[in-house]
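Take a look at this one; I'll ask things after.
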Amino acid sequence: MGDADMGWLALSPQEWDAVRLSLLVSFWATIASLPLGIAVAWLLARVSFPGKALVNGLVHLPLVLPPVVTGYVLLLLFGRRGPIGAFLAETFGIVLAFRWTGAALACAVMGFPLMVRAIRLAIEAVDPKLEAAAGTLGAGRIATFLVVTLPLVLPGIIAGMILSFAKAMGEFGATITFVSNIPGQTQTLPSAIYTFTQVPGGEAGALRLTLVSVAIAFGALLVSELLARRAQARVGIA
Amino acid sequence: MRQDGAPTLEIALRHRLGAFDLDLAFASDAGVTALFGPSGSGKTTVVDAIAGLVRPQAGLVRIGGETLTDTEAGVLVPPHRRRIGLVFQDARLFPHLSVRTNLLFGRWFAPRSAPRVALEPVVALLGIEHLLKRRPRGLSGGERQRVAIGRALLSAPRLLVMDEPLASLDDARKQEILPYLERLRDEARVPIVYVSHSRSEVARLAGTVVLLREGRIVGRGTPREILARGEASETAPARSAARARRLGRWSPGQALNTTRPASERS
Amino acid sequence: PAARAQDAVVFAAASLKNALDDAAALFRERTGRRIAISYAGSPALARQIEQGAPADLFVSASIEWMDHLSAAGLIRDESRIDLLGNRIALVAPAASDVAIAVAPGFDLAGALGPDGRLAMAETTAVPAGIYGRAALEHLGVWESVADRVAQSENVRAALALVSRGEVPLGIVYTTDATADEKVRVVALFPEETHPPIVYPAALTRESESAAAADFLAFLRTPEARPLLERQGFAVLGE
Amino acid sequence: MGDADMGWLALSPQEWDAVRLSLLVSFWATIASLPLGIAVAWLLARVSFPGKALVNGLVHLPLVLPPVVTGYVLLLLFGRRGPIGAFLAETFGIVLAFRWTGAALACAVMGFPLMVRAIRLAIEAVDPKLEAAAGTLGAGRIATFLVVTLPLVLPGIIAGMILSFAKAMGEFGATITFVSNIPGQTQTLPSAIYTFTQVPGGEAGALRLTLVSVAIAFGALLVSELLARRAQARVGIA
Amino acid sequence: MRQDGAPTLEIALRHRLGAFDLDLAFASDAGVTALFGPSGSGKTTVVDAIAGLVRPQAGLVRIGGETLTDTEAGVLVPPHRRRIGLVFQDARLFPHLSVRTNLLFGRWFAPRSAPRVALEPVVALLGIEHLLKRRPRGLSGGERQRVAIGRALLSAPRLLVMDEPLASLDDARKQEILPYLERLRDEARVPIVYVSHSRSEVARLAGTVVLLREGRIVGRGTPREILARGEASETAPARSAARARRLGRWSPGQALNTTRPASERS
């Protein structure tokens, strides 16, 4: 790790794979969990229903459980032999276990509580009087949600997305437990970093990948702040 | 559903909010019905009940013979199916939409059969041409109120309910808007419920004045009859201790002294 | 990542990364066949194999987990070999001048000083910790240090504690100790003080990859041997 | 794991220790990080200053980094030999390494991004016009914050606290890397659970402790929802 | 700091908000100064500048000779040190505090030397005894406005600025509050800046009327002089295309036609 010699910063092809895969996984984990995240946030913020406490608890579960446990639960449920995994594979031909899609699932699950909470807080801050006004103008419940609530909640959605994305960039325990650490298929950046930390002389590699990961997350964060500021300025309580 | 012969507006409400107890019933015919009364007498609560934003503990709301709220029969048509254009006391513009989009909001959701109100004349009437591209943020109080009026007008409602719509406008602007409301009343025959503290506005517009006080009707008649009376210019005394009257076997139909058509008794 | 680019998938204990990466590279050079290696903790890998992971070859850091899979009929017992051996050592920070002989009843607690701790891997769960504890019990000193042990998630973390000078002494694999300049081996534990430290390897029941079998055989060739020994492992005999 | 025999649910004394310790650690991690969390959230929500993006990035770092890396960074900084750790020990006699206080620090750091984001979202939703009104009534910037902003932000603060608490109940990677796993001193529930997951047949033990952990988190969640609902009802935009 | 002989209120502002261009200067003596003009003419913007909630692009605000804002000299006393009681057009009550606490809010922060205004008479005047324990949520429009008035009065300000304070109140209530404001003006000698669209209120209270239109002063004098003029009852035409006039070497002092005391030129 010489001062002048920056060669240690160069990524191997396998590491590039990990970078690509992490981006792919984080992107899809964030995007795919967004609709459900919004729906659940809305349910928790605005609807009372029996079993609400349970749903709320379930959403928070991945935060409370050690990631290894979450990963193991996913493996049991979504593995090839798991009830949901077998069903998905037979019915739709969708296989999650030991695929990048499974890594995306693991990251989505781990980031879900963060996403839901951010969006929920934003929904709770929307003045129901505005929604009532939309009602008098002929907008039904769903239309009101889409045309009034959702745009007002945009800053919260952006916050939820960046939290989910950042979490996915760092998620390791559940992912490696669920889909293993197969280079080019399920080896994300954090898994690759972990591997480096497990052998002598891996520090430089771990540092190198950590820097890449941090740089990507910083970039995403900057973009999100920009978007959020715009959304905020637009919505800005007059 | 319009039942000929039925009054345009039939309202009977009983609703309790903390120490405030609303208990009233009135019916009125087409034209402008003014709700008049001191601050806190329940005008906005009645407005909310008409629009379906409040579910009264007991009550009936009918427009042109169509039942919108009937707690006895378990009817509560949701606000977005009522087609009531409401000008809120507090404007309630959508902060994320331009003034133009705010104005056209109701049109997106209006049924095809609804008459289309043209944007330009309304905008010109309200003097808000220069605001169309702006967002509500930064509008002055009167500008907001004007946009709110425009938004309700453009939603092509079958009943217009206006809660102190001109309170923060200057006289000159008021003198431009009032004739428009008169035309709406006389030519387009849109019934209007008009809440105001201004005697002159009420005198000019209203066919019927309902005088409220502490949630009760204390007078009902033409502006001439009502506005002259002393009650119309007294402030409500500090509210008397909680009234013991309970919501009981009280029937909205009874309170209105109207009989419901058999078809609706179900 | 569409079609699989590899000819075999190996699940291997994370501590084997350097050794197996080198071997796989050489194997590819010689045969043109690609081996993808998923490194993680042996327990996670074993559980994944239980759940139908696409692994062809499993190299475990623990005999127990290999036995577990064997009992479940998930590996081909006939292919199972004891691939590598390792040693555990008492280590100290390089700057430390502690000198102590590992012998029955040796004064380990004294060497730790009044408030020093002994860094080890988890002594009930992680192989290196289990071996270390067995050795200390055999030598009759476990009781005297049991409540002074700082247990880490893995050997590398224990090594880091010694290397950073956070603890005066630790017990780690010699493979880790010799590679770290900031750490000095104080003494090796005699092999008879603990169960043999063995990395078993076996083909999985479901594997259809000839490349995996060839790779396993390749690991036993004189050509591969130096790569493994270079990392400090003992290559166990036929 | 018999149907009738619920004996496996009974906790050993050492496990009770872990439960107690986890509660202690989670409680203090949440409480101690709250003032800084509020301050940083306020800075990010309301003040523009040079280096804001950097601060924002730093706050999110524990989300992005694999927990093991975070733990290692903490060790480097706050260990006895670390610059901050040495300073704290010499100046104030505060030692974090191998203490429950260190576990609390690790959990606080890991939960910090979640706490800050929740509070920040709530602050951004407060109408600055109310703060302006407080100004005209003679309240200075700090008084306004304490008397107007803070109470209005209460639901967000509660959300931030429960996120931090839940995260602390599940945090494992950074904690064990920083303070190891010393039964009775730094062994939190997730560490104990991890230990069980590492040995074949440890599922029952892991499940038992996981249930305890989930029960505690559910309880905390219920309390937080209650408090938040009250705060919300109170504040409720009129 | 009070400079005898200096006018009570000296204001010179130049401030641009989008297409709106405020550019005015006036001074007035103790008593009530009314800001009168059509919706969107800049009244609230002036109010905000007086209170220090807006930093004008160029301008000067002095009360009783004390400089609160002077962009040339870089002076901008923060709002909480100005002791200006502001009744906002939109009430702005603190939703988490009871009405009572809202009312007493200003007292917590008033300097010890400030006169203490008693709670009870103000509460009685405004007729809000029965609301004291409630939170702002659920108050009617007029109730909010009354609490906002009370909150400003109780903060014992040295200048009271009221932005359409009586707009949503009934005549009877207005007739009770107006004499109180007269007493405040005459006995307590609190200067008042009063924004209103009501001719009768302005005629009754104001010593000076400043007539605004599109950010400019188009008239200044006694109510009798100003309210009679046609300009006071015309609406603003659609705003003319952006004016080219630039903020330049314009001096607030010059614009006011007052000379600043040497001591303040620094």
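In this document, chain identifiers A, B, C, D and E correspond to the written order of the chains, with residue numbering beginning at 1 in each.
Here is the rule we use: a contact is a pair of C-beta atoms (placed from the backbone, for glycine too) under 8 Å apart; a residue touches a chain by one contact, two chains touch by 3 or more.
Model, not experiment: these values are computed from the prediction.
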Third chains touching both subunit C and subunit B
A
Just to be sure I understand: going only through chains that touch, what's the smallest number of steps from subunit C to subunit E?
2
Farthest CA centroid from subunit B: chain C
Counting only Cα atoms for the centres, state how far subunit A is from subunit B in Å.
47
Distance between the centres, which are taken as Cα means, of subunit D and subunit B, whole angstrom
51
So how far apart, in whole Å, are subunit A and subunit D when each is placed at the average of its C-alpha atoms?
20
Could you tell me the distance, in whole angstrom, between the mean C-alpha positions of subunit B and subunit E?
32
Residues in subunit E with touches to at least two other chains are numbered 90, 138
Where in subunit C do residues touch two or more other chains at once?
none
For subunit A, jot down the residues that touch at least 2 other chains.
68, 72, 129, 194, 197, 237
Which of the chains touch, listed as pairs?
A-B, A-C, A-D, B-E, C-D, D-E
Sort out for me which residues of subunit C touch subunit A in the complex.
1, 4-6, 9, 11, 14-15, 17-18, 36-40, 44-45, 47-48, 51-55, 154, 156, 175-176, 179-180, 231
Residues of subunit B that touch subunit E when the two form their complex
17-19, 37-40, 43-44, 89-90, 127, 129-130, 134, 138, 140-143, 145-146, 163-164, 167-173, 176, 197, 199, 233-236, 238-239
Which bits of subunit D are touching subunit C when the two form their complex?
68, 71-72, 75-76, 79-82, 97-98, 173, 176-177, 179-184, 186, 194-200, 202
State the interface residues of subunit D toward subunit E in the complex, per the touch definition above.
129-130, 132-141, 143-144, 147-148, 151-152, 234-238
Footprint of subunit A on subunit D - complex, ascending
53, 56-57, 60-61, 63-69, 72, 113-114, 117-118, 120-122, 124-125, 127-129, 155-156, 159, 162-163, 166-167, 169-170, 172-173, 190, 193-194, 197, 206, 210, 213-214, 217-218, 221-222, 225, 232, 237
